[in-house]
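In what comes next, chain A is part of two complexes: it sits with chain B in the first one and with chain C in the second one.
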Partner chain A sequence: MDDLLIIAVRGIGLGSIYALVGISFNVVFNASGILNFAQGNMLVLGGLFAFLVLPLAPDVTQWMIFLPLAAVALAALMAVQGGITLLPLRSSVEQHSWLITTLAASVIIGAVLLLYQGAVQQSVHSPFANFSLAGTRVPATYAASVLLALFWYVALRLFHTKLLVGLAISAIAQDMDAARAAGIRVRRLQIGAFAISGLVVGSAGFVAAPMMAIANDSGLAYVMNGFVAAVVGGLGSNLGALVGGALVGVVSMYAAFEYGGEFQNAVSLGLLVGVLMLRPQGLFGRPAARRV
Partner chain B sequence: MSDTQLRLGIGLVVASILLPSLLGSAYWAHNFLIVNLFVTVAVAQNMLLADAGQVSFGHGAVFGMSAYLVGIISGLWGYDYAIGALAGVGGALALGLLFALPSLRVQGYYLGFVTLSAAVVFPEMLVAFNDITNGINGINRTVPSLTAPLFSGLSWLSFLVMALTVATLAGHAWLRTTSAGRKMRVAAVSPEAAMTLGLDPGRLRFLAFTIAALVTGLAGTLYVPVLGFVSPYAFRVDLSIYFFFCVIVGGQGQLLGPLIGAWILYLVPNALLADLANYRLLGYGIIALLIMLVFPDGVVGSIVSFSRRHRLRARIAGIGIDPVLSWAGIRPSQESGAAITVRGARKQFNSLAALGGVDLTVMAGSVHGLVGPNGSGKTTLLNVVSGFIPLTAGSVQVRDRDTTRMPAFRVARLGVGRTFQTPRVFEQMSIWENLEIGADVHSGNNNWLMEMLEPFRGEWSENNPDLLAHAQRRVLEILRTVASDADILLLDEPAAGLSAIERRDFARLIRFLRDRLGKTVLLVEHDLALVWKVADRITVLDAGRIVAEGPPDAIATDPRVRALFTGSPDA
Partner chain C sequence: MMRNSFGPVALLGTFLAIGTATAQVAPLKLGIFFELTGAASYPAESGRLGVDLAIDEINKSGGIAGRTIQPFIADNQTDPTVAVGEIKRLVLQEKVDAVIGPLVSQDALAALPITTEAKLPELGSTGSELITPQVGPYYFSVLINAESQAKAMIGQAVAALGAKSAAVLSDSGAQAKTFVEALKKEMAARGMKLTGAQEYQYRATDMSPQLLALKRGAPDTLFLFSSTGEDVGNALKGLGELGWKVKVTGNYTVATFAPSAIAIAGADAFKDVTGLSYTAFTYCSPSDLPKPFGDFLTRVRAFQPDRAAKLSLPYAATLYDNVYLLKAAIEGSGGKTDGPTIAAWIEANAKDFKGVLQNLSPSPATHFLVGPDALSAVYPDRILPGGMQQRFGCN
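== the complex of A and B ==
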């Protein structure tokens, strides 16, 4: 019983990272139809930011000051990446060029990390103390990461329904041609969506840094699990990403507990294939109408 | 163009294996054995991506599966190398088919993510099952019988690698000339069009994955004697990404592309940064990104399109309707009775009823017009008959076969051909190949249409349909359907975008199909004048219901129909 509780708590904590990556996926996907393979390494960069700016034993004030800076830094970086990714789409007939450019961006970030810090894994300490929940000790980072996921879910919901810019991005998601015809500057808003996605993933990397592997080769595992979270919940649905993230986190934590840590990703892959075979639209997605 | 690339490719492979050994450079001889194995895998990846349209980021895992089985069975367990190699190919095939499984449900980036995840997980599994794989320590396995030098540094292994790489390149070129290769390319570009030709896209994807896995597996078995060692580190996700980037950098779809890509990505970092292995990944990433931004067609692709642009394009192939209509025409055995019978067809899209109980009977050997305002359910009905959309209620029969629950490709095999609002013409293939796809699915052995068109073969083989005007694309699509021997033709707005003269010609073509070829035509069209001119019977749809049905004269005077089309049909 205690084991299951620990698995659930840790799983949801870990899953909140996947949920955040999933949400940051959705932001770009809804505005452009692009899935950014570099999202995992962007998360790692958020964590690296925390490693670089925070002292060994950070206090809460420092943490509060640097959190928004991490978000903004990654937003700027992702806006640049978005601009590069969208560049060839202007003229090229190859619609899938983004599959390659975003994968290349991911490889480049990983390679730069390798050159910068070598094949090591950095760790960051949290300014908050652990607390106890239902008799188990819970690292504060888990709670902070879950809260951040909820925060971004609510904030993006408000953004997309209350603000004009958000509405315009929602319009692109509905029908890009119609949005363009209505005078919406699609390209500019799409780059904006990359930036917003950077805010999400940058803050996520900063907050979750104490429980992350900040290394050159860990980005792909995060992007993969984030994608599984988004697909399980239904690609494009942020509520789906929240639920999917928790599900992926708990299931892979159970696998780690039962069979060993090496099996976490294998189990996520199994979950992904299972969902795609049985319900490709995910839990909260709608089946797409066929166009012939 | 593809012959040149093939010859050049074979020459480069042979030279890259012979020259370093003859020149006495053991270092480069060794490296080029590895490069050629990578070229082999990249060619398979190119076929999978460009011919079959399947995105796989995971072929490093297939390669590694094969190499590791050789290592385990012949290295750890002490069996013969040949037995290990056999198991390696078997394992690669099994993993390749596992990759193919999700491709039945999802495509594109979904498949990319699944295969990428598999490539991430594969080395983790090698470590996790360390009691079988020897974990991170890897496995030593040399094969002296293959690597013993024969003369001037060359060994049996050199010739095996050469043979495999050359055979793979030549095999890819040959596949493209076969009917299976053409079908694969059609299914990749337009699964819908493939299905209307009676092709099962899922089976073609399986075929492509199987071929790719077989080739990749063979390369994997040779990896062990070349390196003498396998470790999980060698088969990390980076390797899969490397294979994919080889195809992109070289130019996807170009025969020579993967070879050039593999050379650039392997040799440039190796020659320039031999001591700085860490820079290699950065090199891959930057080269791939730059190529995508500057030469999206890849190195070979850009050279090809550059040389094409500078070639005079004097010959513009034309497909005229007149030569087609001048044929004697062979009227096949005339069927009678109903060709298509739709009973009580209802189709619900969420709360919207696209079809609200439609009955339709199309008599064999007749032209049946289906008209109605936008959104009246015409195309939905056509899709229901084709088998693209399952009915909520009701039934569909083609002749006497119930097709209500039949997938589209099975309906097509009953002789139901179909054209689309936007003609599905395949730009990457020559005009002749576009027709040949139809002939490929023809059931009989002698195809009179292709025989009649034989005089055009030379000209049409050299030109791609990007030279064709819109009306000619329509004709090409219809000819292809006729070449497939379909005797029921569903035409979806064939006259859209045609000029007045082209429309008149088109009306003659439709009559020709009925009178001289004995085809049954179900025609969805907005041009009422055209429909009234050629149709034997007309069904008028509005808001998913039938408003009127009957011969053109009777329909034209029907007040309900007149009310529907303001400015009544000028028939």
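== the complex of A and C ==
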């Protein structure tokens, strides 16, 4: 029973990283219909930021100072990426060159990381002490990541319902043509959505750095699991990403525990297939009408 | 008239002389077929340092059988699909005479049909038992093979720990799978009980599910077979977090890439851990260090101090020896470079090769250059600058 509790807690902790990637997927997707496949390597860049600025044994003050800086740095980077991605598109919904652009951004980030640090994996130490659970120690990073995922869920909910800019982005999500006709500067807000997505993923990478593989080739696993979390929860739904992330984290860990580590990745993809077969819109997604 | 008729003849003679001289000193094209990117890139960078040093030394001293070495670099990205494309480029486009590498069994298995068909000698560093002399008749590996590691690790667990049961944690690579099969066979032969087997993906940062599952079997020891130091670090970090104080009997990577693991898990995590290393890289007393490896350290540090400071020098030494073994084989075969001749020479004469490694033991039945007798259990954290490690049982 203790083992299952440990699996559940660690699974939710790991899943919160996937949830954060899923939320950042949603932010861009809602505003532009684009799935940004560079999110995984953006997360790794957030972790790299932590590696570069934090000392070997960081204190909480240093951590608190650099956390918002990591978010802002990645927001700026993703705004640039968003601009480049959206530039050639007349309509981000009807044209799909973004697929190549976002994958290219991911490849470029991986290549730059490789040139910069080689293929080694960097590690970051957390300023927070581990907490006890059923006779074991669980890294505080897991708890911090869960709190961050909840923070971004609440913050984005308030942003989309209380602020004019957020409401405008919500309007784009509902009907881009109508929003444009109403005078909303769609392209500018879409780039803004990329930046907000950067805030989410940059802070996530910084916070989760102690439990991440900060390497040139580790982004793929994060983007894949984040994508699964977003789709399982329902693409566009941040609540869905939260639940989907936790589900992916716990189910994959349980599969490794009970059936073997070789099933860890297969099970999360199986979860994706299963949910899509039974509920194509995801757990919290809404069925969408398509113009034909 | 004489002068006029002699001129063209002299010119022709000069051209012929130049042509002959050029043919005599045509460089020996050496393919460096490594995992320069991807999961195995750290060992590859280390191995490449050893190869670079060997080429530099050999070229400065006249080359191989009078031919300077011209290296051609190919990065297989630790991806068998890419490996096939890159080895085809080396063989068909660059027309290399011999190949050094690869370092990962999957890449070797993918590339061997091409080098075998081209009858090229190839000296890599892979550990899968699937790579037999039938699969790669001209391929030799300097890495300790999975079966040798399994035998040595079980020997260590039984002799030093009195272990009667064990669990195994390994990565998901081909060599690890071969290792697990060899381990199961050897454990059964020795009457040891296997309480559980788990695997993890490369770069997995949380192995707690695997470790919790293995802990249920309450084994006397945990066999840890890894391909990267980072994975070793994450496994040991997980053991510490779970408070599982099991004695870990590790493989070659656990010893050789201990510094990478210590950076993640800390030196304390190695308290109950042994690794496996080539005896040539070990010592018992700091006052009695192995001379061939000590000399290699001096040379490699002088050659490229920055790279030498951050890479695994024992691993570099094994690939360094590969180049020198190839040199010995070509020169011992009268300058021939074809795979059958070189393979026959290595099978018959490698036992007399005096490199950093010694006591090589390939044969027509096995192309693994190093056998279990050349291995020792070590304390991975008792490490001298350069990577020499203290043998288990020494103080």
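By definition in this document, the second predicted complex is superposed on the first by the 276 of 292 C-alpha atoms of A that agree within 3 Å, B and C clash if a C-alpha of one lies under 4 Å from a C-alpha of the other, contacts with A are read in each partner's own complex, and residues count from 1 in each chain.
Operating definition for what follows: a residue touches a chain if its C-beta (ideal position, glycine included) is under 8 Å from a C-beta of that chain, and two chains touch if they have at least 3 such contacts.
What you are looking at is a predicted structure, and each value in this text was computed from that prediction instead of being measured.
With chain A as the common reference, the superposed partners chain B and chain C clash. Contact with both chain B and chain C is seen for A:E262 once the two complexes are overlaid on the shared chain. Once the two complexes are laid over each other on the shared chain, residue contacts for A:A221 go to chain B and to chain C alike. Looking at the shared chain after the overlay, A:V138 reaches chain C, while chain B stays out of its contact range. When the two complexes are overlaid on their common chain A, residue A:T161 makes contact with neither chain B nor chain C.
In the superposition on chain A, A:Y254 makes contact with chain C only, not with chain B. Comparing chain B with chain C, more residues of chain A are touched by B. Of the two partner chains placed around the shared chain by superposition, chain B is the only one that A:P88 touches, whereas chain C remains out of contact.
In the superposed model, A:P280 makes contact with chain B only, not with chain C.
After overlaying the two complexes on the shared chain, residue contacts for A:L115 are found with chain B alone; chain C is out of touch. Note on the superposed arrangement: chain C collides with the chain B stretch 129-137, while the other options among 93-101, 129-137, 291-299 or 381-389 stay free of clashes.
The interface of chain A with chain B overlaps its interface with chain C at residues 114, 217, 221, 260, 262, 265. Against chain A, the residues of chain B that register as touching in their complex are 55, 57, 101-102, 105-106, 108-110, 112-114, 116-118, 120-121, 124-125, 127-128, 192, 236-238, 241, 244-245, 248, 278-279, 281-282, 284-286, 288-289, 292-293, 296-297, 349, 379, 383, 386, 388-389, 420.
Residues of chain C that touch chain A in their complex: 36-39, 41-42, 45, 172, 197-201, 203-210, 212-213, 216, 228, 230, 233, 240-243, 260, 263-264.
Listed in rising order, the residues of chain A touching chain B in the complex are 35, 37, 84, 87-88, 92, 94, 96-97, 99-101, 103-108, 110-112, 114-115, 217, 220-221, 224, 227-228, 231, 260, 262-263, 265-266, 268-269, 272-273, 276-277, 280, 289-290, 292.
Contact residues on chain A toward chain C in their complex (touch as defined above): 3, 6-7, 10, 14, 114, 118-121, 123, 130, 135-139, 211-213, 215-218, 221, 253-254, 256-258, 260-262, 264-265.
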